[in-house]
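Encoded as C-alpha cells, here's the structure I'll be asking about.
A, B, C and D label the chains in the order they appear, each numbered from 1.
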Amino acid sequence: MTAVAVIGAAGRMGRATVDAVEAAGDLTLSASIGRNDDLVAGLEGADVAVVMTGPEGVDDIVATCVEQGVHAVVGTTGWTGPGLAKVRAALEKSPSTGVLLAPNFALGAVLLMRFAAEAAKHFESVEVVELHHPNKADAPSGTARHTAEQIAAARREAGVGPSPDATTASLDGARGADVEGVRVHSVRLRGLVAHEEVLLGGPGEQLTIRHDSFDRISFMPGVLLAVRQIANRPGLVQGLEHYL
Amino acid sequence: MTAVAVIGAAGRMGRATVDAVEAAGDLTLSASIGRNDDLVAGLEGADVAVVMTGPEGVDDIVATCVEQGVHAVVGTTGWTGPGLAKVRAALEKSPSTGVLLAPNFALGAVLLMRFAAEAAKHFESVEVVELHHPNKADAPSGTARHTAEQIAAARREAGVGPSPDATTASLDGARGADVEGVRVHSVRLRGLVAHEEVLLGGPGEQLTIRHDSFDRISFMPGVLLAVRQIANRPGLVQGLEHYL
Amino acid sequence: MTAVAVIGAAGRMGRATVDAVEAAGDLTLSASIGRNDDLVAGLEGADVAVVMTGPEGVDDIVATCVEQGVHAVVGTTGWTGPGLAKVRAALEKSPSTGVLLAPNFALGAVLLMRFAAEAAKHFESVEVVELHHPNKADAPSGTARHTAEQIAAARREAGVGPSPDATTASLDGARGADVEGVRVHSVRLRGLVAHEEVLLGGPGEQLTIRHDSFDRISFMPGVLLAVRQIANRPGLVQGLEHYL
Amino acid sequence: MTAVAVIGAAGRMGRATVDAVEAAGDLTLSASIGRNDDLVAGLEGADVAVVMTGPEGVDDIVATCVEQGVHAVVGTTGWTGPGLAKVRAALEKSPSTGVLLAPNFALGAVLLMRFAAEAAKHFESVEVVELHHPNKADAPSGTARHTAEQIAAARREAGVGPSPDATTASLDGARGADVEGVRVHSVRLRGLVAHEEVLLGGPGEQLTIRHDSFDRISFMPGVLLAVRQIANRPGLVQGLEHYL
C-alpha cells in the first residue's frame, strides 16, 4: 500500500484527488492538507504527496516534500525559473526522491501532444485550435501553447520548414496567434469545458487529433498512474508524457 | 428547354458550368462566350446567361444581359456600389428580367448560412472557423465574413447580446478576427479545399454546423437550380438563400 | 408571476427543474411533488406543471393536470397509443389547456432536428450517427430515431429517393440500423454524455450538423421557454420544435 | 538516381505514380508496364518496381520482380496465403531483395493506425467510424478493418478488457460490425472520398484521431518514401508503418 498525502485538498482538483485515492485499492490516504495545516506534520508517513495548490508558494511546498523524502506529483502550474531552481537544489540533497510537474494529467491530452509532435514531422502544414468555456482568462491555453512548442521543436529537429501561407490581405487576428511559427486559434464558447485539436495537412490529405476534457475526473487516471510510478523516477521530470 | 449562354466559359467555373448544362436533360447550351467574343451576338436565343467571369467589367456584362432581356445568374464576386447601381438602372427598363448575384452556389454553404443565423438567436455564444488551402490570399474568406455578418444581424434583431468572453491575457491574434462582434478564425492547411464551421454554445450544450466543399462541382446543383427558377424571380436578388 | 409545480421532483431532471424555476425571476415554485404526494392537492394554485417522472402512470398524471386546468410541460418519454388517447380525451373537456410532450428539451437538439429535415430535401445522401455513454440501454437513442423519422418524412414529401449505396459485401451491422430508409449508427464510449450528428452529402460537398449535450442543465432553457409559452398553445403538441 | 518501373501504369494509381516519379529529382522512370507488356523485359535496368495492378496474378508479378533482383513496392490489395507463400519462396532465393506490401500509402492513414493502437491501451472504450463515397462495394473498408485488428491486438497485449456496453435493446446493425471485439461503423455519402475516425473514451475525456483522404495524390509521398528506402529493407514487410 502506497500512502498518499494530498496538499491543497480543499480545492476542486484536491477533492477529486482525495476521492480517487480513497477509491483505489492499492493506495491509502495518509493526510488531507489544507492551507492552514502544518505541512511537515501532514507529510508524516506519506510515500507520495499530490500537490494541487494555487501557484503561490508552491515551490516551498514541493521543496519541503523533497526534504522530507516524500515524492511529489504536482498539478500546480505557473512555475518560474527561481521556483524550479529551489526544487532542483532540494533534489540534489535527496537524489532518490522524485518530482513530477505536469500541466495536464489527462492521458488523452498527453497522448495528443506526443502524437502531434510525431506527426508534425511528416506534414507540410500544422495548426492548433483550442476551445474552452468563456470564463477562461488566458488565450491560448497553457496546454495549447505547450503543444505548439512541442510541435515547433519536432519540426525544427526534423528540418521541416514553416507551414505554407499565401495570405496577403487579412483582418487582424484572423490567422491566429503565432507560437514559435505554429498558428494557434482560441475559441471561447458557453457550455464547453476544455478541448484541443491539432490539424495537419499534406497533399490531398488531412490528419486531425482532438482531445476533449468533459470533466476534471479525466485527470485522475493520470494522477494515479504518476503516484504509482514516481518511486521509480527520481529527480525532476516535467510532463506526464515521460511516464507513458 | 431553357437555352443557356455561359459567359466566362474558358475559366474553371465556366467550364464546369458548360459541362453541367450539357448534362442536364431540360437545358440546352446556346453559347459559350469567352473574353474576345461578341457579347450581344452570343446572347442571341438565350433565355438565361450564367456569368462566371473575373470581377473586371462584370457590371457591364450583366447590364448588357438585362438590356437583351436575358436573365443573369452571376457567380462573379467583388461587386461595388456603382456596379450594382448600373445593374439596377438596367433592370428598371426591363422589370421582368431577373438577376441573381450569388457569392457561393454550394447548397450546403447556403443552408449553413441560413441555419447559423437562425440558431444564433438561441445561443449565448457563437464563433466561426473557416479552413482553406494555403494558396488563398484573403483571410477570412468572403463566405465566412458574409456568414458572420448574417449571424450578427440576426442577433441584433433578436436582441441577443455579445458572446461572453473573459479573456484578459492573450497572445496577439489568438481570439481571431472581429466581424461585427463575431469572432472568425482562419486556418490554412495543405490538402484542404474550402470548409466552414459555425460553433454555437449555451449552458451544457453545443451546436455545430459545418460545410465542406471538396470540389467545384459542388457549385453546379445550385447553379442549375438558379437557372431553372430565375424566370420567376424578376429584379435583383443577392444570395442563393432566397431561392431555397 | 407564473406558478409552477414540478412533478417527479426527486429525480435528476426534476431537481434540475426545481433549481431552474427557483432561479428564474418571472416564475415561482408552487410545489415539488414526489411519488407519494397527493397530486390534486399539489396542483393547487399552479399555472403550469412540469412532469419529469418515469413512464409508468404518466398518462394518468397528465390527464389529472388537464382536469385541474393546469398546463403540462412533459419530459417523460415512452408514450403509447392508449396513453395519448387518455390525454386527448381529457383535453376535449378542457380545450383551453395545453400539453407539450417533448422527448428532448435541449434547444440545440431541437434545432438540429429541424435543420436536418430541411437540409435532407436538398442532398442525395444522409446518415445519422449518435454517440452516448456506455451505460445506455437502447440503441439507437430515442432522439436519433426521431431525427431519422423526421428526415425520412421530409424526403418522402419532397420526392427525394433513397441515399445511394453500392455495398455488396458487408460485415453484419457495418452499415448501421435502417430507420425508414435512413442509416443510423450508435457509438458507445466512456466519458461521453449525449451527442448526435447528421451527415449530408451531395456531389463535391458535405453538410454536417452536430449537437453535444454535456450536462442536463442544457435542457433547462427549453423547459423554461415551454413553461412561459404554453398558456398560448392549447391542445396537444408533440415536440419542442413547434414552440421555436 | 534510382530507376523505377511502374507496373499497372494504365490504372489511376499507376498513372499517379508515373507522374510522381517523373516529378521527383532523385528518381528516373525506367518503364511504364501495362497488362500486355513483357514483364521481364520491362524490368530491365530497374532498381525498384512499383506494383499498382489489380489483385489477379499479382503474386506472379511480384515473384518475377524478386527473381530479377528488383525491389517491389506493392499497393495491390487482396493478398491470400498461397500468394504470400509464392513471394516468400522467391525471396528465399534472393535474400537481399525487398518487398513491401502496403494497403494504404497515405502517411496520415499509417500514422492514424499507429497512434490508435498505442492510445487504445490507455482508454476504456474504443470504436472506429469510416466514411466513404457510396460507390464502394465493401463495408467496412479494408483500412478500417486493419485498424480495428491492430487496436484489438494492442489491447490484448496490454491486458485491456472489452469496451463497456450496456445495450440491451437495439435495432439490427445500430451498434456496428464487430471486428475482434472492436465496433466498426461504415458511413456512405455522396461527395466523400475516404475518411476514417478512431474514437477513444475514458472517464471524463475523449481522444479522436481522424484521417481524411481527399485525393489519390495523398498516396504519393508514401510511395516515394518506400521507393527511396526499400533497398535497405530486404525481405517481406507488410504495412508502411514499418518504414516510418
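Throughout what follows, contacts are C-beta pairs under 8 Å (C-beta built on N, C-alpha and C of every residue); 3 or more make two chains touch, one makes a residue touch a chain.
All values reported here derive from a predicted model rather than from experimental measurement.
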Check your understanding: B-C or A-B: which has the larger count of contacting C-beta pairs?
Key -> A-B
Practice item. Identify which chain pair among A-D, A-C or C-D reproduces the interface of B-D, meaning that over half of its contact pairs, matched by residue number, are the same. Key: A-C
Point to revise | Separation of chain A from chain C, taking each centre as the mean of its C-alpha atoms, in whole Å | key: 39
Study note, to complete from the structure: In whole angstrom, the CA-centroid distance of chain A from chain B equals 44
Study note, to complete from the structure: dist(centroid_CA(chain B), centroid_CA(chain C)) in Å evaluates to 35
Check your understanding: Out of chain C, which residues touch more than one other chain, so two or more?
Key -> 123, 191-192, 200, 202-206, 212, 214-215, 218
Review point. For the protein chains shown, what form does their contact graph take: line, ring, star, complete or other?
Key: complete
Exercise for review: Report the residues of chain D in contact with chain C in the complex, numbered from low to high.
Suggested key: 123-127, 129, 131, 134-140, 145, 163-179, 183-192, 199-206
Practice item. Could you please specify the touching residues of chain B with respect to chain D in the complex? Key: 191-193, 212, 214-215, 218
Study note, to complete from the structure: The chain C residues in contact with chain B across the complex are 106-109, 111-112, 115, 118-119, 122-123, 200, 202-221, 244
